[in-house]
Amino acid sequence: MVEVNLWSGLRALADGKDKVEVEAATVGEVLEGLVMAHPGLQDAIDAGVSVAVDGRVIASSLTEPVQPDSEVFLMQRLKGG
Amino acid sequence: MSKIHVTTTINGDEVEYLCDPRETMLDVLRDRLGLTGAKEGCGTGDCGACSVTLDGRLVCSCLMLGAEADGHEITTIEGMATGEELHPLQQKFIEYAALQCGICTPGILVATKALLEKNPDPTETEVRYWLAGNLCRCTGYDKIIRAVMDTAADMREAS
Amino acid sequence: MQYHTPTSFDDAIAIAAQADGVTRFLAGGTDVLVQMRADILTPDTLINVKGIDGVKDITRTPEGGWQIGIAVSGAEMTEHPELGRDWPGVVEATDLIGSTQVQGRCTMVGNLCNASPAADAVPAMVAAGITVTVSGPDGTREVAVEDIPTGPGKTSLASGEMITRITLPPRGENGGDAYLRFIPRTEMDIAVVGCGINLRVDGDTITEARVALGAVAPTVRLVAEAAEAIIGTTLDDAALAALAEAASAACSPIDDKRGTIKFRTHVAGVLAQRAARIAYARATGQKDS
Amino acid sequence: MALDDRKTSGFTQVGTRPNRPDGLDKVTGRARFGADVTAPGMLFATIVRSPHAHARIKKIDSSKAEALAGVKGVVTRADFATGLTGENWNILENVMAGDTALYDGHAVAAVAATSALIARDAAKLIEVEYEILPHVTDVDAAMADNAPVIREGAADKSVPEGMHPNVVRYHESGHGDVDAGFAEADLVIEDHFRTEATHQGYIEPHACLATLGGDGKGELWCCTQGHWNVQKICAALLGIETANLRVTASEIGGGFGGKTAVFIEPVALALARKTNKPVKLVMPRPDVFKATGPTASTSMDIKIGMKKDGTITAAQGVFRLQGGAFPGAPMEFTAMCAFAPYALKHVHQVGYDVITNRPKQAAYRAPGSPMAAFAVESVIDELCRKLELDPIETRLKNASKKGTKASFGPMFDQIGLVETLEAAKAHPHYSAPLKPGQGRGISCGFWFNHGGETAVTLALSEDGTAQLAVGTPDIGGSRASMALMAAEELGIPYENIRVTIADTATLGYNEVSHGSRVTYASGLATIEAARDAVGKLCARAAAKWGIPEDAVKWENGCAVPSGPNAGDFDPMPIAEITKRMGATGGPIVGHFEATPEGAGVSFATHIVDAEVDPETGKTSVVRYTVVQDAGKAIHPTYVEGQYQGGAAQGIGWALNEEYIYGDDGRLQNAVFLDYRIPVASDLPMIDTVIVEVPNPGHPYGVRGVGETSICPPLAAIANAVSAAAGVRLRELPMSPPRILAALERQRDG
């Protein structure tokens, strides 16, 4: 299982939790797992999220690997100027 | 609306055209003569991207009517190099990376050439004030000012 | 739009007198073309006056003053070897209009007839006591500069009338003028406040003065109280304080995108003091500080 | 993606400063920008815009315009696709108003004619009947109970109950217990800050030339930071297939984020389709200010606690951003960047995205971050002053480093904040004496940087030169950096690489040139494409020599036998291989397509000296130094240029630039005369220090450099003004009337 940290603004959509455990080996599976556990997160994830895996911000690639002991943070999708 | 017939000299060549009295020199250069080196950044004389010289004097071509060119001489960025030989300012601007996007560059080159013809040994402050009407949003002006100062020094040495 | 290039003032006046709709004269063009591009105003008739004989000349009058053609650009005034020695404030004020590029085109008459309350040349012209010759179908008259603008964008010129000449009075002995403006940047802005001062001294004492403020009222304001505050003084601290107070008191500005009422009122006093110091230094023969 | 082949030293080309490949075009006027092309039979277009901040469009009558000689077509919203949803709907609604005009300058119709003058005349003849609605342009006013509702149902599910409908998105993040943290502090400062919207201020207005036939096939030439994005959006808005629209990016006259969005291109395409002729559309400057995307304006509350020794005990921020009439103000970046420079046990940040009757904001250089830095770094400066601490030492004491849990959640990898602070401390500027009336300020800044979808091809020519096709428009000299990296890998001269910005038909999807991603992502792709080509070159040599492919290595532009075969054959130069490539297996082309995900974050520290005229409140910047981590500077001159340009834009933002709306909701300063960007005489030389702490996510260690440089100047100047004049400005711009008023308040006690 991978522990995923949500930004606290998402708590309301994840039954008050700011950490969610999901079964996942990739970033894509992390996101699928989150929606499966808390369907309320679907809109926020569709709106665009990035996933920080061990400090590296994965902006969009779903195939990036995730280890069970990885530090995983959900972040709002990055863009720039 | 009847058009006006204009005979003028542009970059040393005699040129004739018809233009609407409301058309600016910039409109004529770009849309009628295909000389797109002068740019429209504002159309109201605030940015200097359309700089040309009129009888040797630096002006904004957006603040001049096309009809006014009749009987006068216009020089644009397209007339700055001699054949394949760049003007020293053009060369230095490339070497110093005195441009990033390059949209203000033609206007700034025309303006600085006019400055050095009038004042071959300007101070940094003089260069900055002379160019105050040429907006650049990319560079912070630093490399532009250095390029102008060093070109002026080179040209003084060469003359 | 009809475009005309008359070669005499008579022709220019005749065209203007016969024209319907909005007529504008093109001297430098740095205001007219902006108004056209910004869709503020496109004249029905545009009369380019640059082909008229003598409009590019700067000449001494027999009395020792100057006559300046209506199409003389700011850059040409700055480049003139003698004009700036007599009237540095007038030349510097005209030289502050716009960029180097605009300098090559803009004219004092254009700046005056555009009738912006914030025009840079006008306070200096008023302070200097400049007059203009106005010609029209009904003849010619000599008018003080301060009587030309009547409000923002409005002048006292009648339909068909045009300014044909600018006359600067003789500088005379022991005189000096200066113009300063406040802008947020170092260049390229419209004056938030402008102040032109012209004075004469006898020894260290100011004997004559004219103080004009721009951008603090619907038209440029000639402030007699400010002049009185320094006449008879050596421009000591008390005189400067009185000058600032009189200048600020004369302001009735507006709040707009360029400045607030409070700011303009305060800065008018500051600029009056600074301009007075420069004019005084010039009149007393000190080097510009 | 594994970076098993990293190279951080021993460069022969990278780090040098050659002339840019497109230099000649740019200094002779030959370079073709957005408005510089024509097509046979071309029409000119003008857009009709709402003069009202908020108004229902009751009727549009274009009959008089269409009757004018030379007018060929008029389009309104009815000429665009229907049934769009999500962001595509937002973009269409912004590009051409539906039933309501939402801001001053909102497009309501457009006309094409045989000349630009006729098109302008015709636009004036299009009669639009409006019903004026109440409006709001200020962020705090838009959140207040009595504010007019811009649009019902615009909020997403993140917004807590009870908020005004104009609050459309909400962000909350952080960790620890800030109340406990504040209790540990010796001094807590809490302040309110505001910044006005600013515009990117690129000198080239948006411009395009479009053709689109009834068969749904079209061509578009435009100035954009990303033409694949333009292609995708235009296809959706016009209801055509993406691949049928070929988009070519012109040279681009500045973007800074503002040209990542689409404004006029769909309108030109709609007119082209309606008239069946090429249509050129160039934005007049006032339209650029009114109707493209400035950045958000903000209202912020910051609270920071500090111990006497300088340790920050807790920090919290509330960030309210308005981004115009549509969701998207970058409040989450404001929140996430705000405290990123500091290692904090207790931190909490909240963001609100608020809609108003202003144009839809677009990205502007590190979107959201500079405002946060202004507020946070001002408070830190105030804490240092009151606790009599050195501002650099204090920041060093709290600085984030590798392993720090970032304020936005995850752990930092290798970063260079400490290094920029140390370099700033050691810089002669920091210890130089100040003249009377001058003050010195410093500030840090942070930006994430970005990778994004990237495709590159590198085709070798028969003479051993290379054509590199990249898909990221060259905004500031990136062709030079690309050529350097390709030359480094291929071992051939820099001049032998020709870099082209490919159109959408000739390369895979490339994300917009944004997020400081070009040198990072296109650079990484260029390196990998070159390595791909090198592998193929080695294979050809191996075949010729009859040895295994892995027994050939690439050195100095030659295939060289290695391992057991070392020395058996003479090195085979690239040109010898490419000369025969047709006969040895066909053209040699290196490819790379990926979404690189290792853009390293970047930090900067700026030092500025300012002088304040106590009688007028006017501030002059007299000395400026930028210290920033570039990871690895590929072309140091252009890195310096990015630092200087960011600093200059920040100086403008700090002192003079602002959107000024009247009570009528109209923008009052939509020209460069009154939107006051810095001119040459406003600025000093801008000194730069390039710090290089390699980014582990790039083969050479590159970090994006374009954006971070605009983050510190706002606060650095505010801190310098405070030091010079003794007054703290909490609202931008720090215009002379504001500074004078602050000085008066101080004098009056």
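Odds and ends about this structure:
Per-chain numbering from 1; labels A, B, C and D assigned in written order.
Basically, a contact is a pair of C-beta atoms (placed from the backbone, for glycine too) under 8 Å apart; a residue touches a chain by one contact, two chains touch by 3 or more.
Treat the numbers as computed from the prediction; the structure is a model and nothing was measured.
A comparison of the B-D and C-D interfaces places the larger number of contacting C-beta pairs at B-D. Rounded to whole angstrom units, the spacing between the C-alpha centres of chain A and chain C is 67. Averaging Cα coordinates per chain places chain B and chain D 29 Å apart. Chain A and chain B, compared by their mean Cα positions, are separated by 54 Å.
Spacing of chain C relative to chain D, judged by their CA centroids, is 44 angstrom. Shared interface positions of chain D, i.e. residues touching 2 or more other chains, are given as 200, 256, 284, 671-673, 678-679, 681. Shown for chain B are the residues that touch two or more other chains, namely 22, 43-44, 46, 129, 131-134.
The residues of chain A never reach two or more other chains; the list is empty.
All chain pairs in contact, by the document's touch criterion: A-D, B-C, B-D, C-D. Looking at the complex, you find that chain C touches chain D at residues 37-39, 182, 184-190, 192, 256-260, 262-263, 266-267, 270. Against chain A, in their complex, chain D makes its touches with residues 156-158, 160, 170-174, 200, 256-258, 260, 330, 332-333, 336, 350, 363-367, 406, 408-413, 447-453, 514-517, 595, 597-599, 601, 697, 704, 706-707. Considering their complex, residues 20, 22-23, 27, 30-31, 34-44, 46-47, 49, 76-78, 80-81, 86, 90-91, 93-97, 99-106, 109, 125, 127-129, 131-146 of chain B touch chain D. Looking at the complex, you find that chain A touches chain D at residues 5, 7-13, 40, 43-44, 47, 52, 54-61, 64, 71, 73, 75-76, 78-81. Listing the residues of chain D that touch chain C in their complex gives 120, 124, 284, 286, 615-618, 655-656, 660, 668-669, 671-674, 676, 678-679, 681-682, 735-737, 740-741.
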